[in-house]
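Quick heads-up: structures coming right below.
Look at the two complexes coming up: chain A is in both, with chain B in one and chain C in the other.
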Partner chain A sequence: MQGSRVHFENVTKSFGATVALSDFNLDIAPGEFVTLLGASGSGKSTALNILAGFSDATSGEVFIDDRPLTGVAPEHRNVGMVFQNFALFPHKTVAENVAFPLKMRKVAQAEINTRVKAALDMVQLGDFAARKPAALSGGQRQRVALARAVVFEPPVLLMDECLSALDLKLREELQEEIRRIHREIGTTVLFVTHDQTEALTMSDRIAILAGGEIVQIDAPEALYDRPRTRFVADFIGQSNMFDLANVVDGKASVPDMGIEIPMPDANAVAISLRPERIRVVLGDAPTDKTIFEGTVQDETFYGPVVAQMVRLSSGRLLEVRSQRSGHDRMPHTGEAIKLAFDPADAAPLAD
Partner chain B sequence: MRERNPLLLAFYVLVVLFLFFPILIVVPISFSNGRFLSFPPEEFGLRWYKAYFSDPVWMSATFRSLRVALGASLLATFVGTLSVVGLGRRRSKTSGILTGIFVAPAIVPNIIVALGVFIFAIRMGVSDNELTLICAHAAIGLPFVVLMVGTAYRQIDPTLEKAARIMGAGPIQAFLTATLPPLTPAILSAGIFAFFVSFDELIISLFLMSSAETLPMRIWNDLRFEINPTIAAVSVFFVLVTTVAMTGAEFLRRRAEAKQND
Partner chain C sequence: MRKRLTLIPGIVLIAVMFLIPVGIVFQQGLFDPVFSLDHFERFATRGAYMRIFWNTLQVSAVVALVCLLIGYPIAYFIVRQPPSRRPFLMFLVLVPMWMSILARTYAWMVVLGKEGIINQSLLAVGLIDAPIKMLFTTGAVYVGMVQIMLPILIVTCFSSMTEIDQSLLRAARIMGASPRKAFREVFLPLSAEGAITGTLIVFILSIGFFIVPALIGGRKDVLMANVISNQVSQTNWGFAAALAIVLLVATLAILTVVRTASAKLVHHNEEAH
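Our next item is the complex of A and B:
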């Protein structure tokens, strides 16, 4: 099966005075897995509902493969959807639930049977076909919902926080399963979550939403390594952010660290440094790294990783995370240390 | 077993006795063979049951009541369910006002409704007409349908219908697939309720009907002239029908409910 291209063009949606989506633009390539990540109320569901046809955009247009969707009812959009609360029909068996979209498409009964069986086998629920949803666990129900959403091979699949009702272990299992199914059927996926780990592990690209706008859209690695704003740096993972001064001639100074670093981006006003990109230096300082100094104030033990809170001479606190696999000893609390980082790891922030 | 508080038990027995007292009196009387209503009866037999079942006037009143109640119940259930769905899930000012209007017949005394219906029916020349009575009874059954079905409707997850739509069902098909089945137990209960609202309604029937009597009217008219044990037999029959119907309905409702989560 081939996924479709999905395209949001200048979509705006207001509910009275509330602007749920403002000038939303998103272009999803066929077969791509894109995640909308944002806090509650940031407009994720609104975007999905407009694509599904459950609500109309106030202005703008949505396209699937260049077909404008305004005025097209949900049942004519040929889109699959998985809901957070499963939305299985309680009075139908698992098999009847999965057969429903095929029935609606007037597929012949014999073919329905084979396809339902294949879909249930795909989510490892072949033996549960005759059960009612009430007789299934939460994870199994969501698997049925998944099978039902893909059984008619929709070129576009939508998932709205479809794992957040499940506990962590099940969630991870299903993440794996969704990725596998995505690989197998090649449909375009628009996935919604407020869980950054989920977004990072599953997506081809992540769009970070805030206040109804996409603040940054990038591949997970790029998003993590190169956040462009303080908001994104803070939203994804842990980050140490430092204001810049005198950004001129490809250089900038970092007053809190008392150093100068190369800074090719003339618009940068601050940098973001991930805690694991900073190294504690106890012996000779490496010459190819930027070095600054501080005092260990506090230490938190995470198992494979140890986090140190280091106080800089300016008074700023900074977090450093070190892998415990190294042979270096760990500094003690109160010890004055040197810290090193590669200036290329400092992501310039535009605001 | 939980330990029982004797005081509570006594209270429970008293309440049950109080509720069943009329039936406890009526049942023995209905099986009396005497010519007059007396308690306790001196001689037992089925005389008055025979009288009831062989009297064409009583029988036609009984069948009329069953017919009217069935019609009123179907009408009230149909209209009431559609109103609930039409009003939607979201509470708005309009839906509040409309709900108020639908529920009004439950608050307005039946005698007022009767008067209104009577005047209207006379004007339109449709008094002493079973269809008119069916409509009037449907109106007083409607509030119960709107309240009972409405409560159930608002508990049904609205995403079920969305799910049906996105899988290819049109709005009506989505309603039939996603909403109607979980709503069925409530619709059944409401229908039974509306049936009995009509079946034992007297005042509106008295105003509206003259030649064609319903069962409560027949009882009423009979009581006014002479008191004989036919009434007791009728009452027992009445209670029996009610019990059987209610039990049957509850059975159906449970089965419908169980169908969703077995």
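Our next item is the complex of A and C:
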């Protein structure tokens, strides 16, 4: 199967005075797995509902493979969807649920049987065909919902916070399963979540939404390593952010650390430093790194990782995460330490 | 033990309010003063009583089905409204229930009578030359009973419809169902149980009706409750009790049949294997 290209063009949606989506543009390549990540009210579900046909854009247009969708009813969009609350039909068996999209497309009964069986086998629920949804666990229900959404091989698959109702272990299992199925069937996926880990582990690209706009869209690594705004740096993972001063001639000073770093980006007003990119200096200081000083204020033991809160001379707190390798003695609470980072790891923030 | 003790007030209440009266009815109908089935024989052999009995069941069934046909679409319409507008619409549905059945039935006399609103308007417009006889007809009984029963059916249907997850209908649509197909495949089966329950409640309540037929029905439109009331006023307690027993047994029999049939139709909560 081939996925379709999905394209949002200047889509705006307002409910009365509230703007849910403003001038939303997104281009998804065929077969790509794109996640809309944002807090509730950021507009991610609105975008999904407009693509599904459950609500109309106030202005702008959505395309699937160059076909404009305004005025096309949901049943004619040929889009698969997995809902947050599963939305399985309680009065139908698992097999009847999965057969539903095929039945609506008037597929011959013999072929329906074959395809339903294949879809249920794909989600490892072949033995549950005759059960009612009420007799299944949460994870099994979501698998049925997944089988039902892909059984008619839709070129576009939408997933609306579909794992958030499950507990952590099940969620991780299903994330893995969704990725496998995505690889197998090659459909274009638009996934909506507020869970950043889910977004990072599953997506080809992540679009971070806030206030109805895409703040940044990038591959997971790029998003994590190179956040462009304080909002993104804060939203994805842990981050230490420091204001810059005197950004001139490719250099800038970091007043909180009392140092100067190279800064090629003339528009930068701050930097983001991930806690694991800062090293505690034990023994001789490396010459290729930027060095600054502080006092360990607090530490948290995570097993393979130790997190230390370090108080700088300016009074600012900063988090450092260190792998516990080797036999070096880590400095403890109350001790003065030296910290080092590679200036290339400091992501410049535009605001 | 303490759990059982707390049940006692409830059991006493049901016994006093329900079991003892029903027991007395059975005793009155079956013992006069020794055990005899004379009253039942009288009921079965006199054609008039049997006719009234069947008429009662038939009128009740028609009223229940008419209520279903009118009430289900109304309930569906209200459920489809934005949640903020629903309470007001349900309020409108319930307003008539706050008035006594007697007052509402007398109101129909004003509407349907020879000098009533309908006849007066039709005469004024010139559509008819002489008043149409509407009061004291079988039609008047149906109109009066349906008007009184309709809110009950709407409320029952409405509450079962509000429990249907709206995302199920969206799911049906995105999987290729037209609005009509989504209704037939998802909404109708899921609301059927409430609709059947509402229809049964209307049917059972209709079987006991006597004010409406007595006030606005014709001489032929006598129902079982009217006969029972007559017998009581003539102090034929035994025969009145026997008629009540016949009605009770018939109602239970019909309930059982309809429940069994609908259980086969609506069984989505059952865990199939």
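Going forward, the second predicted complex is superposed on the first by the 349 of 351 C-alpha atoms of A that agree within 3 Å, B and C clash if a C-alpha of one lies under 4 Å from a C-alpha of the other, contacts with A are read in each partner's own complex, and residues count from 1 in each chain.
Basically, contacts are C-beta pairs under 8 Å (C-beta built on N, C-alpha and C of every residue); 3 or more make two chains touch, one makes a residue touch a chain.
What you are looking at is a predicted structure, and each value in this text was computed from that prediction instead of being measured.
A.B. asks: Based on the superposed arrangement around chain A, label chain B with chain C as either clash or fit.
C.D. replies: clash
A.B. asks: Does the superposition put A:74 against chain B (first), chain C (second), both, or neither?
C.D. replies: both
A.B. asks: Is A:15 contacted by the first partner chain B, the second partner chain C, both or neither?
C.D. replies: In the superposed model, A:15 contacts neither chain B nor chain C.
A.B. asks: For A:101, select first, second, both or neither according to whether it touches chain B, chain C, the two together, or no partner.
C.D. replies: In the superposed model, A:101 contacts both chain B and chain C.
A.B. asks: Tell me the contact category for A:130 with respect to chain B and chain C: first, second, both or neither.
C.D. replies: Once the two structures are laid over each other on A, A:130 reaches chain C alone.
A.B. asks: Going by the contact rule set out at the top, does A:301 touch chain B (first), chain C (second), both, or neither?
C.D. replies: neither
A.B. asks: Going by the contact definition given at the top, which residues of chain A touch chain B in one complex and chain C in the other?
C.D. replies: The overlap between the chain B and chain C interfaces on chain A comprises residues 52-54, 73-75, 77, 79-81, 83, 85, 87, 89-91, 100-101, 104-105, 132, 134-135, 148, 152.
A.B. asks: Can you tell me which positions in chain C touch chain A when the two form their complex?
C.D. replies: 165, 167-168, 170-178, 181, 185-186, 189-190, 266-273
A.B. asks: Given the complex with chain A, which residues does chain B contribute to the contact?
C.D. replies: 157, 159-160, 162-170, 173-174, 177-178, 181-182, 259-262
A.B. asks: Which residues, counting only chain A, touch chain C once they are in their complex?
C.D. replies: Where chain A meets chain C, its residues are 52-54, 73-75, 77, 79-81, 83-85, 87, 89-93, 100-101, 104-105, 130-132, 134-135, 148, 152.
A.B. asks: Along chain A, where are the residues that touch chain B in the complex?
C.D. replies: Against chain B, the touching part of chain A is residues 52-54, 73-75, 77, 79-81, 83, 85, 87, 89-91, 100-101, 104-105, 132, 134-135, 148, 152.
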